[in-house]
Amino acid sequence: MSNSIGRLFRVTSFGESHGPVVGVVVDGCPAGLSVDQGTIQRDLDRRRAVGQAGATPRREADAVRILSGMYEGCTTGAPVCMVIDNANVESSNYLPYPRTPRPGHADFTAKIRYGGFNDPRGGGRFSGRITAGFVMAGALARAALGRIGVEVHAHTVAIGEVEAPVCEPTRVRELNRRNALSCCDDRSAESMVQHISEAEARGDSVGGVVECVVLGLPPGVGEPVFSGLESEISHAVFSIPAVKGIEFGGGFALSRLHGSAANDPYEFCGDSVRSVKNDSGGILGGLSTGMPLVLRAAFKPTPSISLPQQTVDLEERTTAELIVRGRHDACIVPRGVVVVESMVACVLCDLCLRRGLIPGVMV
Amino acid sequence: MSNSIGRLFRVTSFGESHGPVVGVVVDGCPAGLSVDQGTIQRDLDRRRAVGQAGATPRREADAVRILSGMYEGCTTGAPVCMVIDNANVESSNYLPYPRTPRPGHADFTAKIRYGGFNDPRGGGRFSGRITAGFVMAGALARAALGRIGVEVHAHTVAIGEVEAPVCEPTRVRELNRRNALSCCDDRSAESMVQHISEAEARGDSVGGVVECVVLGLPPGVGEPVFSGLESEISHAVFSIPAVKGIEFGGGFALSRLHGSAANDPYEFCGDSVRSVKNDSGGILGGLSTGMPLVLRAAFKPTPSISLPQQTVDLEERTTAELIVRGRHDACIVPRGVVVVESMVACVLCDLCLRRGLIPGVMV
Amino acid sequence: MSNSIGRLFRVTSFGESHGPVVGVVVDGCPAGLSVDQGTIQRDLDRRRAVGQAGATPRREADAVRILSGMYEGCTTGAPVCMVIDNANVESSNYLPYPRTPRPGHADFTAKIRYGGFNDPRGGGRFSGRITAGFVMAGALARAALGRIGVEVHAHTVAIGEVEAPVCEPTRVRELNRRNALSCCDDRSAESMVQHISEAEARGDSVGGVVECVVLGLPPGVGEPVFSGLESEISHAVFSIPAVKGIEFGGGFALSRLHGSAANDPYEFCGDSVRSVKNDSGGILGGLSTGMPLVLRAAFKPTPSISLPQQTVDLEERTTAELIVRGRHDACIVPRGVVVVESMVACVLCDLCLRRGLIPGVMV
Amino acid sequence: MSNSIGRLFRVTSFGESHGPVVGVVVDGCPAGLSVDQGTIQRDLDRRRAVGQAGATPRREADAVRILSGMYEGCTTGAPVCMVIDNANVESSNYLPYPRTPRPGHADFTAKIRYGGFNDPRGGGRFSGRITAGFVMAGALARAALGRIGVEVHAHTVAIGEVEAPVCEPTRVRELNRRNALSCCDDRSAESMVQHISEAEARGDSVGGVVECVVLGLPPGVGEPVFSGLESEISHAVFSIPAVKGIEFGGGFALSRLHGSAANDPYEFCGDSVRSVKNDSGGILGGLSTGMPLVLRAAFKPTPSISLPQQTVDLEERTTAELIVRGRHDACIVPRGVVVVESMVACVLCDLCLRRGLIPGVMV
């Protein structure tokens, strides 16, 4: 239950890591949106990240197949079902985990929740692979947002303790695809790669932080009280496995400031109102201010590591040592960049539809 | 739109700061829950926080009135409507703000969103006063959770740069009501009071961090993918005005660790499985682990300050200086403690109902 | 649970027959809608129906009180809470019913459903009195629909076996308020009054049929597959106590025709497409055709009758004879006319909002 | 939008008549439900109805493919995606309809609604073929209901003016599969076949009525006010193309009775309470009484007929004559029987889950 998100742009995720497919149904996508299959594929390819530092050796085409909702190159207004096939599966590694659950993974909690009936192969429904569905949905959302001039761009701002210098929101789109890390600063990217490689060499993993900026969002988007921008975006972003924290604008740092420093004074910029700085991250009262929306998501390190770990044997009811086998990423943060973009895009598409900013039929 | 939250335990908020009432309708509260009016009132009184350092001089009884859904001291299964009256209102101070919006408040964004028709008095629908409704709903949720042994306790862990030492989750309930700050460490509380007072004296304000722990939550609660615990809780907590960040367990600090340090190894504790440490904050795969659930919410400083601020005059279309009048808190963090508890309780009550852990009729 | 209906125009009902109030919260009402309190009251007065043939002798002012969401005579975009007080309650008559449930009422089913905790006074949550909340919500919906030229009118077409002749949809609005029965044909109305009076004199009751027409609805309104017009409207109309059947256009009679007779041929009428007849009731594929929407709702006879009835004594576990006391209507159909209009209006307002036909802010 | 239905047992429909697949995602199906692929296929085969009187000559295997949510023969608690392929498509017949819309079909309304972007081939999203998805979802729902002893059975009670005699609810299951019409009375079935054949021979079509009974439903199921049984069931059943009316128990006939005749007196039957008759159709106050739930759905005649019909030419803006080509059923009522069963089962599964009667994990 609750594999759907969104009220008017409604995304339903399905599929498991080692089942036939991973897929998504998008209901509420406006009719008449011209979406090239290649557009969706480009985002999937960014998520696939073959050859990236720290990326899984699992190799799959991840080629999108559109099963419904498109006709003659345009959305029809009917639900769009999209899938990728799971071609390259090695399930045998996963057989021990229902008995000796991997620390940091959902093996134990899922077993309890689903009475042991959950599919354990490759993490099943809890695999990061299901985010391919998020990306396919996000591609539609971004196409719709693009028609009203709203753009969503994310970048890697930290890997472990390596932090990139601050990047102007407006410059992210030109800088975030220059390296495999999706980091806007090449020098930091090099250090990040090195940090990941060192961990990988030891059989360990690292986490990091993704920052996402939204440009072109007009003021007044959001549905307070319970569907304000922070509420809706955090809801979606925490659906990405491994995210453990989120902050908007100044975020946690704001809590250490005085109001006189934290408040964003207003000014006119030509005919439009803007704030001199943007510590609110483009959101006040759950509503967009018209300034760039800025948020950061903290990813914990990939829980799959090759080092021996302590777990329990649920049959013997003893402590046990575990070596996690199977293919995994030493760092999933760079692959998470497009996933964050996708979820943020889905939320904004939904809220812009609710606000009437995106028409039901694109013409 | 979207003044409701929850799927089975559904909370609908209504009311404005200076309208007749602030209220809430709770639909889906199990029948047969014996709730003393005093229980609700006690939580409201904690939110009211008269006489606290930095608290608003606005004085109101905030006495709960139950308009429906209770009969002979028990919930009936019908929607419970509860209100408090707005007795002590001084609206004239707020008249200038639709024209010269206050920095850090929703004056500007709400005016755009609602075409100028929003009620500006006391911030209207965007006032922190509407959280009284959250607290009344939370009192019902906590009563229901209490019947299955689940407790929600929050405390102030930072005010500005003053941080309290770490407090064991299991000790929060005995320590968090010993001072007006709801801080578990008395010495820190004193420094916090001083920090607030200094800011207040300058006409300034401060922010802070609230930590919330949940005890007694059985493993396997949560509805992944899009209704995992982090998703649902963050959604609710960001509905509290001034919250700009949230993290679970190790949160942002986790992103700087290696997997070998971040993963929580399992062990047996008698017959039950627990983790040796709890950096996941009691959540894996969006599901509860059975360990204490731990989250932290960052509050920005109260945007209402007495110092002169730069804003714009939307009629003259010029920059303008603004002095915010009206009653306000120099720090709303201590009053936010019970509000965080309430929203977390509402979410958990909803998820426990979905999981079948709370029966539809309490007997 | 499920005391709410609608996706964007969201109506939450609360209150019991003998509690402090009966009320409603409307979330999603566009800002800037100028609604006179008198407009709401007029609809409430039509429901109140004092002095009508067969109407309950319960006498109450049923004066609407607006608790939130309005400012300076306009909706603000915030949730609108409206209540009427329950002034004139005589609860003692209802005390036996949890033990000896009234046939045709919800006494037995509600007792099972809520474990005996439901409020039995006056039928509690199952009283027809809660439809006063529907009417208050409907008044807002109709005001919004009126701004785009959509009108909803209902009339009594049958009382028991007395049927009124067919009335052209476009003539309902000028004819349906000419008599207390809301019947468009005065002569039929007289027979209906007589039929009700005869039943009333015997301590019995009668049912009937209400027809509702919607004029001015543009083509293409509705959200198939699961939110087509018939689905959404029937959902709402069956929420009215005593409704046991609904049909659209030709309805059940259509099932006896051949396709060649049932299909509505198209023609041009000036520049616009219309159908020569309208057996589809203005709906094809769940979407409006632009022709008048026509539906009929069957009301069972009021279950409260003064004649002795057979029931069970749930304590003695025997059969028992029951005489229902308390005030009740010998026929609630005429009072149901405005309730049907209200529920249909709420649904159409929701669907027009989803379709973008009603703006989020009325200007 | 709104291709989903249900709150806890959530069915999302996708696919078009001539696209790659027709499918469904079921979210919220309890884990551990052992569902044989053959069970799903048997219901699909009943809907396929090859060789039935009046059935379409379109021949397809309609073989279910399960894409997710099942593992080792059981549901996992993850969303179950199921599809059938569209193998045998002849789209060219449908090309004229966006210009000369077929009377009785959604060609005109869908064109308006989706700005001409809807897929017109085979009726696209508005084809009766999408009900194959309903049937696959229904098979899961029925399996879950079966575990708590709830059964759903439907039968054909009228074809055109040919009506079958009343059948005791408890006898439907043994009688409704004895003939291709799903009619419990063989002699009536013969007359119905003849009636259909005559219409077919003339190039015409006929409608009819399906009755559905639910056995074994315990008392107290339903979620008033807005999710009572009639509301939820009618919502689902009107999603079936061609349904134009629904009634519960005595339905429209009840509106012509006196209360003294319409009320169902209670009696004891051993230890349990039942009503002497069941004119309420097993529902009071939106809640189940424990008696058989009985409803009837009126199907209009198939709008596709071979006779010449009047329509409009939307390009020339003139009246035009239309001959509908393509394969279609002269009567879809017998094929609708399993579809009605399926939708009713989905609703009841949802309501039983909300009520806690079906556990989240089947063991």
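A, B, C and D are the chain letters, set down in written order, and residue numbers restart from 1 in every chain.
As a convention for this text, contacts are C-beta pairs under 8 Å (C-beta built on N, C-alpha and C of every residue); 3 or more make two chains touch, one makes a residue touch a chain.
Given the structure is predicted, the values throughout are model-derived calculations rather than measurements.
S.K.: Is the number of contacting C-beta pairs greater for A-D or for A-C?
M.R.: Per the contact counts, A-D leads.
S.K.: Greatest Cα-centroid separation from subunit A: which chain?
M.R.: C
S.K.: Distance between subunit C and subunit D based on Cα centroids, please, to the nearest Å.
M.R.: Going by mean C-alpha positions, subunit C sits 26 Å from subunit D.
S.K.: Counting only Cα atoms for the centres, state how far subunit A is from subunit C in Å.
M.R.: 46
S.K.: How many angstrom lie between the centres of subunit A and subunit D, each centre taken as the mean Cα position?
M.R.: Centres of subunit A and subunit D (C-alpha means) sit 38 Å apart.
S.K.: Mind pulling the subunit D residues that touch 2 or more other chains?
M.R.: 1-4, 7-8, 13, 113, 125, 354
S.K.: Report the residues of subunit D in contact with subunit B in the complex, numbered from low to high.
M.R.: Contact set of subunit D toward subunit B: 7-8, 354-356, 359-360.
S.K.: Spell out the residues on subunit A that touch subunit B in their complex, using ranges where they run on.
M.R.: 1-5, 7, 13, 101, 103-106, 108-110, 112-113, 125-126, 130, 158, 160-161, 199, 204-209, 219-228, 230-232, 234-236, 238-239, 241, 243-252, 254-260, 262-268, 271, 273, 275-276, 280-281, 284-289, 298-305, 307, 309-312, 314, 317-319, 354
S.K.: Enumerate the contact residues on subunit A facing subunit D in the complex.
M.R.: 1-4, 8, 10, 12-16, 19-21, 23, 25, 27-28, 31-32, 65-69, 71, 74-81, 83, 113-115, 117-119, 121, 124-125, 361, 363
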